[in-house]
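Each in structure tokens, the structures are laid out below.
Presented sequentially are two complexes of chain A, the first with chain B as partner and the second with chain C.
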Partner chain A sequence: MWSERARKFLALGLTVALVATLGLSGCARDETEEPDDTGATETIKIGVHTSLTGGLADYGFAAAEALKIAAEDLSGFEVDGVTYDIELVIKDDKGEPAEAPIVAQQLVDEGVVAVIGTLTSGAANAALPIYQAAGIPMISGSATAPDLTEQGFENFFRTCLRDDIQGAALGEWALELGAEKVVVMDDRGDYAVALANEVEEAVDAGGGEVLRQEGQEGEVDFSAQVSNISAFGPDVVIFTGYHREAGLLFKQLTEAGVEAQFMGGDGIKSDLIGEGAGGAENVEGALCTFGGFAQEGMPGFEEFAAKFRDATGEEVGPYAENNYDALGAVVAAMESAGSTDSADIISALFEVEFDGVMGTLAFDEKGDVSVPGGGSGTELVPRFEYTGGTWVYMP
Partner chain B sequence: MTLEHIFGLTVSGLTVGMIYALIALGYTMVYGVLQLINFAHGEVFTIGGYIAASTLIWIGVDATTPLAVKFAYFGLALLVSLVLTATLGFLIERIAYRPLRNRSRIIALLSAIGTSIFLQNLLVIVFGPQPIIMPTAVVPTGFVEIFGARIRVLQITIIVVSLLLMALLTWIVKGTRMGKAMRATSQDREAAEMMGIETNLTISFTFVVGSALAAIGGFLVAMYYGSLQFNTGFLYGLKAFTAAVLGGIGNIPGAVVGSLVLGLAENWGVGLNLGVLAWLFVGGLLLGLYFQLVRAPRFRIDHIAEEFRTPAYERRVRDVYRFAPVVALKTLFAERTDALLYVSAQHAVRLTAANVILLGLAVLFFVNGDVQFASKWQHVISFAVLMAILMFRPSGILGEHIQEKV
Partner chain C sequence: MANPFSRVGEVFGRVPRWVYVAAALVFAIVFPMLESYGLMQTLWLRLGTRTLVYVLLAVGLNLVLGETGLLHLGYVAFFAVGAYSTAILSSPRFDLQWNFWLIMVIAMLLAMLFGFIVGIPSLRLRGDYLAIVTLAFGEIVRMTLNNWEWLTNGPGGIPGIYPPVIFGWVVDQPAEFFYLLLVVVVIVVALVSNIKNSRIGRAWNALREDEIASHHSGVRPTQAKMLAVVMSSGIAGLAGAIFAYYQQFINPTYFLFMQSVIVVCMVVLGGMGSIPGAVLGAVALDATPEIIRQTFTTWLPRAVGSDFLPAVQAALQTDFDRYRMLIFGLVIVLMVIFRPEGLLPNQLWRREVHEEDPREIEHTRQHLFDFEEGRQDLEV
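Right after this comes the complex of A and B.
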């Protein structure tokens, strides 16, 4: 095809181009790292371990954008006479537990003092040992699996509610609706199985009959499960996985003639559930709980929502405010410890009480978020209904 | 266990199986011709669906569109998808495989995996990571009730369309000049080339046909599930590939049979209770007994040389099969046995073991008739079925055709 000479020229050209790009980007980096003239402001690196691609890209987008806003708002805090600006190092694990340790190692190598993340519980379980070994605190705004704070990891904190609370709330809600036969289905992931177990327990305890089914994350066809569910004839179908599979499942159930109330946990609280279901009308009227707190009554929410809209042109995505406050927690901890050392941040996080978008927050001895004066029972779990293509808060 | 439930599971198993088959055919055709596993095929399938769906979105079909116009748009979308996807298949072969054709097979395999990753990321770049929605206006929503089970018109459409396509493919391979060239290339590429067959053209044609089938599969899946995501093809590709191996890779009817077995295994395995599944083992046992008592001895006897074929000798062979636990074992451990009896004895012992296992499973399942496998075992069961079949037929259910090859 091409002559030998042409190929050599091409190869040479490509090499030159490559070297030139590397050189240029190297120069560019040098410039940004030059210290400020005044010398009083330093930059501190905070890692963001989230999922920007993959099935939960919309959750990751909300987290990353909220953190960019938070970094801008919170930059310029003072520790020990030095003013710090926050530099976010954002990395993507695609929501896959297998990728999470790699991303964690990259962030550790980058020299971040704290990490906001991960997005999912499965990834958190995979990444935690690496952050633990490096002594870096990890604050997740959305990893809700109960076991994360039950394994004795000192460096894990979260600004969202645990699934055992959410699961119980979901089960109780189903019973409140008068359900006698309930299908509980998970996707075999860490998060979904844990949540489904809690739901099943709650429904069992309330005297409901439960049919447990399992799907598979990434699967498109649920025909076997649909046939089983159809034969069971449930009043309520609760899917504890994520919105993509939930949309497909609910659509297939509707088409099979199953007339039940569809419900789910925070994993389905994405407006994209309508797209997964091939159209919003297929999931109209579905209900879900959430692992965050009710946005109504949050002291800083209106202001945050306005900034989020300005920055992205979109409504606030799931767990955005939880991620914002996760960064707030880190900054508050640094201020109260008077140090930017990772170990000091960890010990300060257990002590600190700070005002975030969601209210006055603190962490308990396990690292779970506790709202002072609010308890942390199922009554805190907010409820949503899917109407007209979006999740609407049900007061 | 109602008839309605069983029937519903069967129809959905067949529907899924037919979709697997449309993809598996592409895998198996390419393997037959090139002995290459085209891992990018799953992505070709997704892209086919994406193109069709985005064409329909671009045209802008809605519920008010008259039916005839809807059908025309539908045909147009399918045509656009077919042409573009077939072109993609052609380009994949031309760019990713042909330059490596005379290298070791593992290199082509790596190139295939690379192509698959490339195409998946290309989809994310072009369409974004969110799923693409099929305009619901074009999806037939009707259903019929058979035995009380709700069967969607679309399910029937998928099954019928797939059957027609398979018939068409069989005709192309068996009845046309190009098909003859494909078969020749598949048997021996060099010899075919020496006979004046344009093997490059033939191989390109194989990719084009395989990709076109995948495009139709992608279109049907987009309609059936309402949406497609950039990574949908990965799992489908994997399953279709498994189905192709199960049916005997390189064999076209095998790909269809393997796909249907896989589709049914996925649905029956976790949908039926053990009491119903036990009947499958009863069927297997009857088949096994037929093999052991009728077919295998007849096959052996046919292979006895004329001069040795006496009624007494035939009887000995038959007895080896019939009374395997005693006679066959005795024959195996006897000091002097002739080769035919020895081989027959080995075979008889194996068949007996299989039949005893089938009997045991049937009894076990009948005893626990009310139990049902939890749906988390779905893929475990599919895998067990796969292993069980491949253990007794390593070349796949209809895999003999491979052995014909020189």
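Right after this comes the complex of A and C.
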């Protein structure tokens, strides 16, 4: 056998070799293709920063598939006499903010001109400084935290509605239903807490009485909260977390004899909520809002949905159309700026008005989405009711 | 001598240790230059910087886990204390931008204070009480960060952390952070190596080997253990403070229990009680997964053609992370069975885990003989 010194230093030697390989392999750089001569088609790289693994993988899958469809549809646009094809560079941040800067750096290294993403607000906060430093615009279809557009980042845009708008809409809706006592419950996740705070504020402002409760993501037994809630005797219970916990909570509330209207944010807008509740009948009549726009009445939705079904064999996932239009915004900005330079794209995004799957859209001075002539407030928030095992749009 | 590798090993063995240390240092100094000359993507610099943070954590945890032999399962909590010190004192959250040095001192002192508080009940007792208390403390800190919304903004985290200004120099490039961390790592490693070879270090080792015997030889167990816990907490606080500057955004999901476990794995893999081991463990566990992933998803497809093993590519892209912890666990189990002393072991610890091996007994006998003859210093 090896002597102990030999072993020790062999290990050391191997480390040095390993570390050296790390440095050397890093040298393998992109060989950038020389642009072809005039008249030919060029390829432009757009980054997709999403979460294909982790707890929100189904959202990320929908986003990535929608963007593949969008890239195919929008390729062949013309800027300054040159025809461009879109090449997507798709990267996964696992839904972890700690991974987001690494992914952002990879996309910057790849030389993308714009990035569609991130999926979550936490990842957006972690990745934005890097895209900002690189001067690359980032358009998210699903990062809804209000503080993202309040920090003065000039390169951030989104095609979804902010939590404070959705939260206000949810609170107003509860009051519209005649509620006087409202339970607002979150799951201590960043998204649910932000939304719940906004709901609480809206109900408070409208004169309702609020009981704030909290659960944990992944919790299965809500008996402590259920006994608090039934003692309070609410008219409406609003849960701002995700569908798995929502199903269980609503079921346990029903079993405890709480007769209240169940409501939620877009986290519960998954048809699987019935499964979590042990049967769709347990959550029949539940209501929810959505941070996107209503798919019903979108000019291009049917066509998009058909393509999505063809490509994936599944129904359109959450925020898919928001991502599709995020890419549409980038293309429209390049066309209107007459340039594929990132800085020009950013300034054009503030100006441009474009027709997407969701309708005619624009961005306001903070980078939040707005509907020209249609406002940018609670009136844009669509409402849904859970009927017969699926969420049905309420016009 | 039948093994051909032993020849190679002998050659490597004749090279004095400082050569390896110097080689590692030179590599670390040259590494960011590769990026600035365009020889390497910035991604690797970012990963290298993250690895240095883990090196700092592994070296710090080694004091408790390796030198003193106490199981510590909430190390990331002290890291979080440091990170949130920076985030609160240098961000738009309360509109503060305190001096870099002041924040470093506050982060370290705060982390050390928490280390002291955790140590009071658990270190007076013998056995693995520290593991239980630190495990709970890690969760308490995370839940507090998640729920104390006034101070920490809860799960939303604190964005927009200002870059540090050191003597008028604004540190905001990845290469600058790399060098900043490198300097900190070198200072910490130098300090820790000196302590390790001092009276205190020997006392820690003695406690690890036999608490009763060391107590009777004049070591005060509670004080010595407390010192190890407090010092390692300070190092974690320092690492956290710099990490928050580097990330520019933190929220409680950075400080999950799994992070503590990964740092424990790094120390065990590298070799308990061995500083080079802790450094190697951190590099191995933090950088290797990323190198494997890049090899199969980027470099090989680029070299061989994009249809290279599509199944492997897909698996690495989606499933690799799911299995990462499984692989870490397997590696640790294999290490404990076949090489319990770690990759770059500490002499003393290696002899302890192999105390029935006749070669080790012979080695010890020879060493003690040399020591008595005055030919060699006592080996640690």
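Following the convention adopted for this analysis, the second predicted complex is superposed on the first by the 335 of 395 C-alpha atoms of A that agree within 3 Å, B and C clash if a C-alpha of one lies under 4 Å from a C-alpha of the other, contacts with A are read in each partner's own complex, and residues count from 1 in each chain.
Everything that follows uses one rule, which is that a contact is a pair of C-beta atoms (placed from the backbone, for glycine too) under 8 Å apart; a residue touches a chain by one contact, two chains touch by 3 or more.
Everything quoted here is computed from the prediction, not taken from an experiment.
In the superposition on chain A, contact of A:Ser223 is made with chain B only, not with chain C. Counting the residues of chain A touched by each of chain B and chain C gives the higher count for C.
Contacts of A:Thr83 after superposition: neither chain B nor chain C is touched.
Shared-chain residue A:Thr53: touches chain B and chain C both. In the overlay built on the shared chain, the residue A:Arg244 is in contact with chain B alone; chain C does not reach it. Once the two complexes are overlaid on the shared chain, A:Gly278 sits against chain B while remaining clear of chain C. In the superposition on chain A, contact is made by A:Arg188 with both chain B and chain C. Using the contact criterion defined above for the overlaid structures, shared-chain residue A:Thr41 touches neither chain B nor chain C, since it reaches no partner.
Contact with neither chain B nor chain C is seen for A:Ser342 once the two complexes are overlaid on the shared chain. For the contact definition in use here, the residues of chain A common to its chain B contact set and its chain C contact set are 53-54, 188. Chain B contributes residues 2, 4-5, 8-9, 12-13, 15-16, 124, 129-131, 133-134, 136, 139, 141, 143, 150, 152, 221, 225-227, 229, 231-232, 234-236, 266-271, 372, 374-376, 378-379 to its touches with chain A in the complex. By the touch rule above, chain A contacts chain C in their complex via residues 1-13, 15-16, 18-23, 25-29, 52-54, 92, 94, 96-98, 101-102, 105-106, 108-109, 121-122, 125-126, 128-129, 133, 145, 147, 151, 188-190, 193-194.
Residues 3, 5-6, 8-10, 12-13, 15, 20, 23-24, 27, 31, 34, 38-44, 46-47, 50, 92, 146-147, 149, 154-157, 159-160, 172, 174, 247-251, 253-254, 276, 280, 283-284, 287-288, 291, 294-295, 299, 302-303, 317-319, 321-322, 343-345, 350, 363 of chain C are the ones that touch chain A when the two sit in their complex.
By the touch rule above, chain A contacts chain B in their complex via residues 53-55, 57-58, 188, 212-216, 218-221, 223-228, 230-231, 244, 247-248, 251-252, 255-257, 272, 275-279, 281-282.
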